[in-house]
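Lettered A, B and C in written order, each chain numbered from 1.
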Amino acid sequence: MTLTDFVSFLVKNTKTIMEYSENHFTLVLLAVGISLLIWVPVGLLLTKSDKWAARVLALANTIFCIPSLSMFAILVTIPMFGLGRKSALLALVLYAMMPLIRSVYDGVKNVDRNVIEAARGMGMSTKRILVEILVPLGMPIIFAGFRITVVMTTGIAAIATYIGERNLGRFIQEGLVRSNTPMMVTGALIISVIAIGLDTILGMIEKRIVPKGLRVSR
Amino acid sequence: MRWENFRFALFEKAPEALLEHSMIVVITITIAILISVPLGVFLSRPKYKKFGLVTLNILNLLQAVPGIAVIALALPILGLGMKPAIVALLFQSLLPIVRNTIAGLLGVSSDVKEAASGMGMSQRRILWEVELPLAIPIILSGIRTATVYVVSIGTLASLIGAGGLGNLIMGGLSLFRPEYLLVGAGLGALMAIFLDRMINYLEYRITPPGMRVE
Amino acid sequence: MIQLEQITKQYPGQAMPAVDKLYLSIPKGEICVLVGPSGCGKSTILRMINRMIEPTSGVVKIDGQDVTTTNPDQLRMGIGYVIQQIGLLPHRTIAENIAIVPRLYKWPKEKIKQRVDELIVMMGLDLEKTRGKYPSQLSGGQMQRVGVARAMAVDPPIMLMDEPFGAVDPIARTHLQDELLRLQKEIKKTIVFVTHDINEAIKMGDRIAIFNAGQLVQFGTPEEILTNPINEFVEDFIGRDRVVKKLNLYLAEDAMQPVKCLLREDELQNVAQKMKDTGAEVAFLVNEAGKTCGQISAVDVKEFGMDIEGLRKRARRRSNAFVQTTTPFPDALSLLLEYDADYLGVLKGEELCGVLSFQGIRKHVYRKEGE
C-alpha cells in the first residue's frame, strides 16, 4: 500500500473517520473521567491503611492481568451489560484501577515524611497538608499514572469494536473481515498515531509538572 | 446457555486453542528475553549510555501503540499465521524487559561494584556474578509485565490466523455462543493471572531475604 | 511555663512504657534540654507537648491550661517546632516556607514579607540570595537556619527543638548553637531542646533533664548535675571527665585576682623590688602605648636575677598569654600550657583588669565541687 492509497482513503472516508473518532474520544473521555473520580479518592484513602492498600492493589493487579478481549467477552455474557457501551465503560474503568490507584498511592506515600511531620508540627490541618503538600509533591508520579491510563484506555477502547462500539477500531475490524487492507492499515495507523501523539504530549506535560523546587539544584 | 455448548468449547475446542496460545506466549517471551536482556546489558554499559537513551526513547514511543494496531499492521507486512503474530507481539514485549534490565543493572550499588573490582574481579565476572544476580528480581518483573501483555494481546492474534484462545472468543461473539465466550475468555484470564502470580512468586523466591522489600 | 503531670506513654505490644509517670516542670524563658541515650523517650516527651503524640495518661499544661482543650492544629500554630531533618517544603521558596504559619494566621501580605525578611537576616543569611531560592539549593547549615527561622515566624513563646543541629557537620553545628544562644539572650523564649549529646546539653541548657528508659533520672542546672550526679547511670552518661566538662561553665572573670604589679619596660631592673613591695607573684609588662606586652613571674626573677635582657626575652615570650574576661576556663588552661605559664593576664577589651592563675582555676572548681 502506498502513501497515495493511504491519503486517498483518508479523503474518501473523512466523514466516517470523524464519526468513529468522536465515538472513540467520548468513550475514552468518559472512561478516564469516571476512573479519576473513583480511583483517585480510593488511592488517597489507601495511603492511610497499609493493610487495605495491599489487598486492593492485589485485586487491581489481578484485574489488570485479564486480557481485554476476555474482559469484554465476559461482561457481554452478563445480562445486565451485554453488548455496547456499558460493558466497554466498565471494562475500561476496571483497567484504569491499577495504574491510577498505584500511582496515587505511590505518589503520596513517597512524599518525604519529614516534610509532613514539620507541616503537622506547624499546625497545618490535614486538609491543607493534602492539598498543599501531598498532591503537589506526589504529582509527578500521579501524572505518570494518568498518562499511562489515558494511552492504555485509548488502545483498549479500539478493541471494544468487537462488542459493538463504533469507533476507530472498526476500521481494523472491518478491514480484517473484508480483507480490505487499505482500510485496516489506515485504521491501525490512525489509532497508532493518536496513541503516540497523546503519549508524547502528556509526556511533555509530565516533565513540566514537576514543581520548580524539585527540579533546580545547587 | 447450554451445557452441551460448554462441554464442546471446554473439551473439544479449548485444548487446541490453549496449546496454540501457550506456544505463542512461550515462543514470544523466550525470544523477547533472548533479545532484550543482552540488549539491556549492552545499553547499561557506561560506554553506550547514549545509545541506551535513544533506544529507550524509541521503545517507549512504540509502547504507546495499541495492541490491536500492532497485530493489524503485521498482516500486510508479514502475512497470516502464528509467525507474524509472534513478531508483532515481540515488538511490544521488548520494552518492559529492556527497560527493567537496564534499570536493574544500573540500580546495583556502585559501592558493591567498586568492592568487587577492588578484589580483583574482572568486569565480565562482575557482570555475571554481581550485577546480573542482583538485577534479576527487577528483570523478572519486566518479564512478568511482558508475559501478561503477550497473553492479553495474544487473544487478538487469532484475527490474523494465529490461533489461540482468541478463536474461541471470536467464535463466541460471532455465533452468539456465550459458552464459548466464557470458556475462551475465562481461560485467557486464568492463564494471565496464573503466569503473573507464578513469576511474581519466582521474583520473591529469587530475591535474597535481606533484600526483600516488604 | 510547661508542666508535664504524671505523663505516661504506653505503646501496645511493648512491655515497658516509653514514658513512665513523668513529672516535669519546665520554667518559662529558659532553655530546658531533654537528654539521654537513644530510645529513652525524650523525643516522645517533646512531641506530647504539641500533641503530635497523645499521652496514654497524664496531663500536659501550658501556662496552666491543659493542652487538650485547644484544637491541635491551633495549638501547634502557636508553638515553634524544629526537627532534625528540618522538613522544608521542597516545592516552595525559602520565603514561602518561612511564611507558612503567618499565612495560617492570615497576616496581611506586607506584614508577612517584612517578618520573613527580618528573620532571614536574623539568622545570618544573605537576604537577596536566600529569599527566592529553593531548599535543594541550600547547604545543610543554611537549611537548618531556615528551619529555625520558620519556627520563629509568628514569635511563639515556646519552641520545641528535636535534635535540630544533628544533621549538620560539627563546625556548622557549633555556629548554630552559638547563634541560638545569642538569640536567646535577646528573645528569652521557653525552649525545650532534645539531644543525645551531653556536651550539647551542657552548652545549651539552662536546665537539663536526663532520661533513661522512659524515666526522668535527674533534673537540674548543668552545674548541679556535673557537681552532683545522682547515680551511676548519670555519672557514666556524663563521662569520667565530668569535672573537666564543668570547666566549660566558668569564665576567666570568675576566678581572677586583682593585678598587683605593673611594670614599664624601662623599669625591668627594679622588678624584684617592685614585686616584693606589692606582694605580687607576677608582674605585667606594659609598653609605651600602655598595652600589655608580657609577664614576669617570681620564678623568672629568681632564674634570671640581674640578667635584664634574659628577663625581657622571657617576658616577651609570654606577650600573648592573655585572655578576655569572658574566656572559658578550658581555653585559659590551654593557653597556660601553651606558654608554660602559671599566670594569665585578663583583659576587658584592651584593658588589663585581672590575673588568672592555674591555682585560681583549681581552687574555684574545687570550691564549686563542695557546694
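Structure notes:
Simple rule for what comes next: a contact is a pair of C-beta atoms (placed from the backbone, for glycine too) under 8 Å apart; a residue touches a chain by one contact, two chains touch by 3 or more.
The UniProt protein names, listed by chain, are A = ABC-type proline/glycine betaine transport system, permease component; B = Osmoprotectant transport system permease protein; C = Quaternary amine transport ATP-binding protein.
Computed from a prediction, not measured in an experiment: that's the story for all the values here.
If touching chains are joined by edges, the resulting network of the protein chains shown is an open path. Comparing per-chain C-alpha centres with the mean over every protein C-alpha atom, the closest match is chain A.
Contact analysis places A-B first among chain pairs (by count of C-beta pairs in contact). If you average the Cα atoms of chain B and of chain C, the two centres end up 63 Å apart.
Centre to centre, using the average C-alpha position, chain A and chain B are separated by 21 Å.
Per-chain CA centroids place chain A at a distance of 58 Å from chain C.
Residue ranges on chain A touching chain B, taken from their complex, read 1, 61-62, 64-74, 76-77, 151, 154-156, 158-159, 162-163, 169, 172, 175-176, 181, 184-185, 187-189, 191-192, 195-196, 198-200. Listing the residues of chain B that touch chain A in their complex gives 1, 60-61, 64-70, 72-73, 75-76, 148, 151-156, 159-160, 165-166, 169-170, 172-173, 178, 181-182, 184-186, 188-189, 192-193, 196.
The residues of chain C lying in touch with chain A in their complex are 50, 52, 72-78, 81, 83, 85-93, 100-101, 104, 134-139, 147, 150-151, 160.
Taken together, the chain A residues at the contact with chain C in this complex read 112, 114-125, 128, 132-133, 136-137, 211-214, 216-218.
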